[in-house]
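Lettered A, B, C, D, E and F in written order, each chain numbered from 1.
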Amino acid sequence: QALTHVDEAGAARMVDVSDKGVDARTAVATGVVRTTTEVVELLRSDDLPKGDALATARIAGIMAAKRTPDLVPLCHPIAISGVRVDLETGDAEVRITATVRTTDRTGVEMEALTAVTGAGLALHDMVKAVDPAAVLDGVRVERKEGGKTGIWVRNAPEAQEENQ
Amino acid sequence: QALTHVDEAGAARMVDVSDKGVDARTAVATGVVRTTTEVVELLRSDDLPKGDALATARIAGIMAAKRTPDLVPLCHPIAISGVRVDLETGDAEVRITATVRTTDRTGVEMEALTAVTGAGLALHDMVKAVDPAAVLDGVRVERKEGGKTGIWVRNAPEAQEENQ
Amino acid sequence: QALTHVDEAGAARMVDVSDKGVDARTAVATGVVRTTTEVVELLRSDDLPKGDALATARIAGIMAAKRTPDLVPLCHPIAISGVRVDLETGDAEVRITATVRTTDRTGVEMEALTAVTGAGLALHDMVKAVDPAAVLDGVRVERKEGGKTGIWVRNAPEAQEENQ
Amino acid sequence: QALTHVDEAGAARMVDVSDKGVDARTAVATGVVRTTTEVVELLRSDDLPKGDALATARIAGIMAAKRTPDLVPLCHPIAISGVRVDLETGDAEVRITATVRTTDRTGVEMEALTAVTGAGLALHDMVKAVDPAAVLDGVRVERKEGGKTGIWVRNAPEAQEENQ
Amino acid sequence: QALTHVDEAGAARMVDVSDKGVDARTAVATGVVRTTTEVVELLRSDDLPKGDALATARIAGIMAAKRTPDLVPLCHPIAISGVRVDLETGDAEVRITATVRTTDRTGVEMEALTAVTGAGLALHDMVKAVDPAAVLDGVRVERKEGGKTGIWVRNAPEAQEENQ
Amino acid sequence: QALTHVDEAGAARMVDVSDKGVDARTAVATGVVRTTTEVVELLRSDDLPKGDALATARIAGIMAAKRTPDLVPLCHPIAISGVRVDLETGDAEVRITATVRTTDRTGVEMEALTAVTGAGLALHDMVKAVDPAAVLDGVRVERKEGGKTGIWVRNAPEAQEENQ
């Protein structure tokens, strides 16, 4: 097995996907920002007329998805057709879930992962003055579907096998 | 205590730093991509004349640091004066350390964290065909110095206190 | 009726357009920069061998159209297939008309509006030393066609009705 | 009097500001999106748990301010030190006020104007399915201070004179 | 014969390509950085465990190809489906070859040329402290195919004719 | 002698310039687009009311200078304080000269070279339908001054010595 993003000599390249089909594809990625109870309460801003903190992170995630080809050197520019970034506040953490759809020649795992890190970085930025020790953990693909390889789901029996 | 990035009504803003001093500042952030032993061997490309895989991740991290104000909505655009992205391969993981320096009005934690996620996303991208289950973990600031607040070190006795 | 760009809880999202057809679509937007007679004469540069002022605004408008998904948070990145930015100088104003075409899944009103504001901002920039009081007015869609909703024309009898 | 952004032959240039002082500077710009009463109610989302619509416009404005040198061809890249975008909903309109600060060699009128248009375009985008006839009006500088020319205020007696 | 990128009055425009077919297209461009023997040896880094210099130039070229519509004012944003940047070191020069593929409505000559200049600029940057006199020469299209005009090859008998 | 942009192990880095002085610096770079007599006449558009072709190239060059840190991986983001792009049409060529000024911690050779390639790519784009064989040649620094190393002039006796 070899990395697809480098050629037989080891040189980086953007893989040619001209022959791949234009298919509907979806990817879901997640991550979690671990911080303090106090910070989660500040982020929720429950008693303020405006509550832009979590909105800022959602928008940062959506916009980051669109910047994926600018950030990830060997990624193809693709036509994203939809993005959702869901934030769920826990006791001392914010769980991030990004869902990206396309109808194009490559999957959108990287766009979903980039959306998660975009939202995570925006949260880091907003909380850093109060909690400089916050951590973004577990940035990973949960599920992807579409294209020739079909559906992949983390922790599905066959997926676990493949990754052990 | 309140979030500095939203005003008293909860509206997002880019905090005014006109009055902060122009100081030399440094931040170090880290993270780790957990994957498989096989993938780490492929990334190291030890037997290939070119070995662009890890170089691609280093450069992605350096370039991501420069894109921080484009990605993080409330971050100030600042004059980065130096960036290093170090990758250390372990048995089934790649540890990422980013060091960013500036001489400007704000700290560079966000630039260092963005460099780590940039390198992490590039690694995710290169390994995803072989290991779709890879995870970027532990994206966090390790140390920062400069500016009015002086030195902060993760897990220093006083820092631990402050974060409990 | 509800805003399509926020979900039922009010969270921002990039609407999924996977199911929309790939159609030829056109949008025309306009705006006007109101300034002074003197400034309009300077912008026209009639007696200079080069007359880059209006060209600068045209190009700013065309390039801004391409940056629409970077600027408008919930806009889809789409494949623009043509842009024109026409500037017409009046006595103390410059009228801007942008026409954008695509063959993609969404309309191009936002691209046309962004082209108008791009040209308008470039004009503001060039005249601000002479006329700091210039105003960009009336940035609006005049006409769009293509896609499922067909043709919409400002001030057409049915459009007026719909907007009252 | 001549345009500073073109040379004596009419060729566009980015004016050399090396000799200008590094001063604290502020600019305030405003604009208004005219739409319908129904749309303003939707934008305010008063009865929804999340209300991201206005937050999206505020963040779009703040991020647009940072993209000014990418959009306005002859603008200098400068170190913005603070941005606020305030939205005030009226009966059938949303009034936008952007305040930008810097400590650099040029004024920040263009950054403030770009913030207003960024917020205005985001509002246009969110309302366009309900009100395709919305209009962004009156994008203009209200006040600027700092640098050699001191304070300029729209409609101040001396400013009116200067612009007639 | 006339320039396609300006209209009959001379105004710049992005040509409408809505009617052009979605075809597989390829372009190859080349260039050469002329420097010193010493510099070429440093770039090859033969005796270092990491050899990021040439990798940096390859990645700069690949990423530049994706930025083509941001850089070239009248270029269409298109869906690049593959990029290779090959560097060949000579005695006192580095030869750059970029190959870009797409399945879209326009050719990819500009993307290939932009990739060559991106790699060339990165090489200039890395060698400038040792050789400030380095030169990027001969940036040109070698071959393109696809679309209505079919194959064009530099120095093919018919091509030479056409260009004399 | 070693490349400054890679460390002792060969890893790419953005060199730390925190200790360099904030000085006025200037760089001049040149290049030439070789095409046909017919194309040069079309570019000059002497008989058209608007003549945006050369303006487009000038503006492309100025805007490219501002994108230098996005394009050149290891370049520092710096505060450009002025840019000129001069185009001189010859019999079958267009000569490009870019002059960039800053008051910052690094020189602006890369910004001047990037401006030349930006203008050159825009010319390539505009002429490619008429002359697919056009060539951008001789992209090089002519002169730089400011900073610790003082003045460097191409072909000055001492410079020639230094580069042999």
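Everything that follows uses one rule, which is that contacts are C-beta pairs under 8 Å (C-beta built on N, C-alpha and C of every residue); 3 or more make two chains touch, one makes a residue touch a chain.
Please read these numbers as outputs of a predicted model, since none were measured by experiment.
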Is the number of contacting C-beta pairs greater for C-D or for A-E? C-D
How far is the middle of chain A from the middle of chain F, if each middle is the mean of its Cα atoms, in Å? 37
So how far apart, in whole Å, are chain D and chain F when each is placed at the average of its C-alpha atoms? 31
Just the number, please: Cα centre separation of chain E and chain F in whole Å. 16
Residue list for chain A, restricted to those that touch at least two other chains: 11-12, 50-52, 55-56, 58-59, 63, 67, 70, 73-74, 77, 79
What are all the touching pairs of chains? A-B, A-C, A-D, A-E, B-D, B-E, B-F, C-D, C-E, C-F, D-F, E-F
Using the touch definition from the top, list the residues of chain D that touch chain F in their complex. 7, 11-18, 69-70, 73-74, 76-79, 104-105
Residue ranges of chain D touching chain B (in the complex, touch as defined): 24, 55, 58-59, 62-63, 65-67, 77, 79-86, 101-103
Flag every residue of chain B that touches chain E in the complex, lowest number first. 50-52, 54-56, 58-59, 63
Spell out the residues on chain A that touch chain B in their complex, using ranges where they run on. 1-6, 8-12, 31, 36, 38, 42-43, 45, 48-53, 55-56, 59-60, 63-64, 67, 70-75, 109-110, 113-114, 117-118, 120-122, 124-141, 144, 152, 154, 159, 162-163
